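By written order: A, B, C, D and E. Residues from 1 in each chain.
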């Protein structure tokens, strides 16, 4: 299966709005978590039935409903009905091969993006799609499986750190997106360190290893860019939105997020340029090495081939070959050999090959 | 005949609006199919004479008239007259070398695009031009030959799946375009898998085979891009159209289609970048292989050429050559040879060639 | 003389509006042809004196005045005076090194572009500048020499084909431009066929011939692009012009022309990309061939150099060289040679060089 | 640690507005300097407690408060409170890995940029982040450590040179930014000289040294571009700002600064292009050198290999080998050798290798 | 000193508006020339004291004051005061490392650009900065040294050629700029001829000479582009200016100038592309030549190495070596040699190397 554009084929021929879960089934039983808070109160509930959550729409508190697992069609359909979501939104939630985007509907904003997580131990980046539905006073998040990067946000809510408890739900949405982009940048940093290390390795001696690394890093940057570029687009779109769902005092934070995204995209491009430079460097080093090999070959050949020829001359069996009979001929012969070799060496020294 | 810009020469010197069928004659007898539906009724008729279809303009039902085969000039002219089409529209329907586009006229929208179909068995992509004329309550489609990608849409109409039966004719047009773009993405996926496979092949050993594949894939991507880029343009144009022919509740679907087109174009570009990287990789691998060949040649030459020279010395026939008479000269001679060889091997080991 | 930017030096130091004919003198006596038509009447006159033409400005018929030959300054000055042209227009008519462009003046539109013609027999593209002045009811065209691509248009006028006889003069101007762009596309097609043929030739074996072809085609595409890009610009400009000189029912035709120009430009760019790919392919093939040559050299050297060395050993004249005296030494010697050769062949087979 | 995107990881999981100092602790005790001036008076004070500075907000004089050292969280928090700064501004002041930017708040402008300084002796560029807060009549500047490029500005204030003493605080801010950009250009100049020197070195003979230089310069230009491009952006933004904080008679100066930034960016791009050209040149020179090496090898091999073969012939021990017995055979033999060598030399001369 | 960004360092730390002459002192005594004309009168005066010129501001005639030499600070300061120039304008006049630009002030336009002159004999392009100040009815021009490209304009004024004497001062400014751009194009033409010649030289045989030429031409194009691109920008800006200083009947001329600039920029880009293609061609030719060299080496080696081996066999001194004693062994031996050589030649012929 092609890595960069997957899972669309499952949709081929379905009506738009038909619910199809595109993605691997990553969790057995979907779990629903509700966090409800006001500046003064906080409640966290594991919810069994999605219908129990619907009343939060009327509540004045900020409600964050997180759903892990996307393969239970009935649950998604039920959620969509309960929160009055457009059929396309429901299709987008389920299609995990989606290009990150923001859609504005009458009563909510829909955002889908990629959440990436770096596993320090295994040195592996895992990625999953996150769908956000931002309503008047509630936030729905849909994840493919449990485990996310939002623990710091949850802790801030619990410990009343920062302004999150005193802010509206759009600030919560911003906080989640900010955490996601922070993780992008963290991953780019880690990758960047490895790319910069590789450059030194190439300068020491260009091995096949470095070549494969360049190739892999390029792939990973392409993959990152595929998630980050559209993220920058929708954050920009968000900062220009004239929607009541984004309150004016959340706007400076979104502009800040926008700067962060720009920085992330620019850094990815910068590392891509660096990898191109590295490949150029690699090729130049390989060319240099070929030159060196050829020099050694040429020096050996050019010195010994004439010497061998001279020895060949006196290896002939001509009956009348006057030099052979001379008393010191053998020593003169050696002298000539040494002289020829010396001249050759001088020639190569002049050419700066030695 | 040039592959990318064909069939214009047949038009050279004709008056614009003159009908000329540019394309191979792909069907013998054009067939006309009329599908007429309301939420409650559905009728499908094979029509003998295009004039029988004209009354649908007055009917409140949604009518989809599909015409297979373009070489019957009289039929096209008749259709144009019956549905009040501009002469340029009629020329565009017939010119299958057309760049995909959307034209807005007073009473209808004209869209021409490429319909692509992947034959799973033969692994061949076939492409033909599709022209759509979207009127108040009818949709005309013109195909070069029978057989298309619209069977799922027809089935949805028949089985009342999704919202198609309860929607207006612009939703039908959207459904057809969506199916076409889905097929683009499906084809890009298939091609992408092959491109990604090729990369591994190159890393194993760069053969001429891989080179030709890179070349072919590049060509195919150019060909795909030529159809998909203008498609993205006209879908964008469609979403911004202030025409009554596109109802406001169809707009979210067209925006969704636009995202799909963007994703398709980006993926094509991404694969094109990957192919460039593959060619770089191929060249680097070829350079590496040349280095390896040269190393082997240099090692052999540099070891044996001096040895041969030494043997040559003692093959000379000098009368006075003292070493020849020594008792163990031959063994010393071998010793020297082994020593020289050992020194050379050490030298190459130091250079990390062995 | 530089090919791409010629003939400006003749203008150096002249006052703008000073008339200087920049170009080779391509015709001896300029000829003036007047075609005057209404839906019902048609007259074609060879005019001796340009003054005889001036009354057409007052006539209700459509008048097309074509002037072949630009070196008669007096004629041009007279024409300029008679039709009330701006001095810059007159300078632009004469300067055949002009970048194609459209200028809007109070009472007329000025367009200059390159007219290209493909000579099927000689396989040569000839190019000349065409200047158009589009007035209320007249069209002036200035050509460098007789012979143009407009015969189909003249025939349409004569035979009342299409809408030309019933349309206004702006439709006539459109028809001429359409014919010119049709010829661009025809030429690109011809060039494209040759470019695509060249690719197969390179894949068969990269010769110097293919290299020069790539180089020539690149040059020709640069040359084409220099004419076609500005043409696209001014057709776009024309379609956006809010001038009474372009009637509203001519606009759809100009938009169609615009699509044609876009297609032409995109195809030129596409072929340019293909040529870059071809050069890459060529270089890769050359690299592959070098590899093959080196392999053969290395195989020969690596097999025979050790063998020659062994023969050299037994060619030495050591007095005590025990092997020489053995009864089957010569056969053992051959055995060793064959063995060494076999080992080397096996080594190269393992490396997949054979 | 990756060089281009550092220090974000420390922020991971913090609430926006949480103060974290990202950067090395570069100074022990932060120092606060207040310069207060009117056209007639000037006072410079080292301030112990930031609270002593707050009254300047009410003073009619221009006040410039410079803070060296960012690691004292309390000081920054206090300053923020005293001057009524947004939490994001305070975060931006402390995050020294920030992308340069301008943010407009209700009562102040916030600018962060990189200040670069070239140490003539050590030939090292040091860089630190400078944050500016421009209020109605005060300017706050935050530096990571003591020592900056602003001494000329301070002297102009002291000596009443130019218009600075008679201008408002926005002119002071402009003066600081102008000094920073002047230093960018000075550094680009220095780097440019070295880049241009390198080109001559490559033409003399492409060494590994030049290759590493190309690589280093590329890196440094990337680094410079990362600071200068956003600077151009925010200066442009500044010139378009409709804020009362920028007085209309300061605008021409900001436009001038904008030209300077454009020049800086263009020059960086230009040098980057030059480095790419240098790498091409280097590779071409390496290719040329390989050709030269191969030529020498080929000349030697092609001359001596046939000669050695001929000598080999007469080294054979055939019992019946008539030439060996001829009286002048040895001289004829030499004649043949010389002839063969001469023919080869002529062949190579014809090929223009000698 | 870096060639592309010079002389800024002298400004480092100066207050904006401080006058510093950046540039070499190119003339000893500045000269001031005043040309004053109306349709009927013309006066040309060498002015000793700049104050004598100030009254022209009140005169109804068109006045052109040209100042050669910029190092006399007092003169410039005096001029600035007399014509009421902004301090930044005065700084810009003196800073000859300036990026070409146009600045609009309340009562005048300031333009700075590069004036280039091609010396036909020495084949050298000299460049100097020209600053223009266009007021209501006067034009100030500042040159670094005497000698410019404006003699044709002066002659037109003297001889009343064209419309210059009857036009306002903005037409005079246009005429000067037009002359400057004409000279750009003339220089590009000259350079273009040389570039096109070089291509043929490369095709004949790629020498080091051609390589250095490619390199030099690239540099010169970069240099030209640095002057011409900003010129295009400010001419565009000029054509859109809503200033009373540019009269409406001068506008068509400025639009014409704009086309000329576009043509100049496009041609520079085109030649830059051509140079890149030439470098590719050069490298390909070098690769081809390497192939040819290797072929010759391989043919010689592959033919003679086996032959030498065979000769070596029969040079061995085995006591029992039956072939040596055969009567026609020597002739058979030669036969074998010829046969082996013939087989090798046939093999190479099959490979199409001969």
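The rule we apply is simple: contacts are C-beta pairs under 8 Å (C-beta built on N, C-alpha and C of every residue); 3 or more make two chains touch, one makes a residue touch a chain.
Note that the coordinates shown come from a computational prediction; the quantities given were computed from them, not determined experimentally.
If you take subunit B and subunit D together, the chains in touch with both are A. Note: centroid distance subunit A to subunit E, computed from Cα atoms, is 42 Å. The distance from the centre of subunit A to the centre of subunit B, with each centre set as the mean of the Cα atoms, comes to 26 Å.
In subunit C, 283, 287, 290, 294, 297, 301, 305, 308, 312, 315-317, 321 are the positions where the chain touches two or more neighbouring chains simultaneously. Each chain touches its two ring neighbours, and walking from subunit D in the direction of subunit E yields D, E, C, B, A. Remark: subunit C residues 151-152, 156, 161-164, 175, 178-179, 182-183, 185-186, 188-190, 192-193, 195-196, 199, 203, 252-253, 255-256, 259, 262-263, 266-267, 270-271, 273-274, 277, 280-281, 283-285, 287-288, 290-291, 294-295, 297-298, 301-302, 305-306, 308-309, 312-313, 315-322, 352-353 touch subunit B in the complex. Across the complex, subunit D meets subunit A through its residues 1-6, 8-9, 11-18, 86-88, 92, 99, 101, 103, 105, 205, 208, 211-212, 215, 218, 222, 226, 279, 282-283, 286-287, 289-290, 293-294, 296-297, 300-301, 304-305, 307-308, 311-312, 314-317, 321, 323-325, 327-330, 333.
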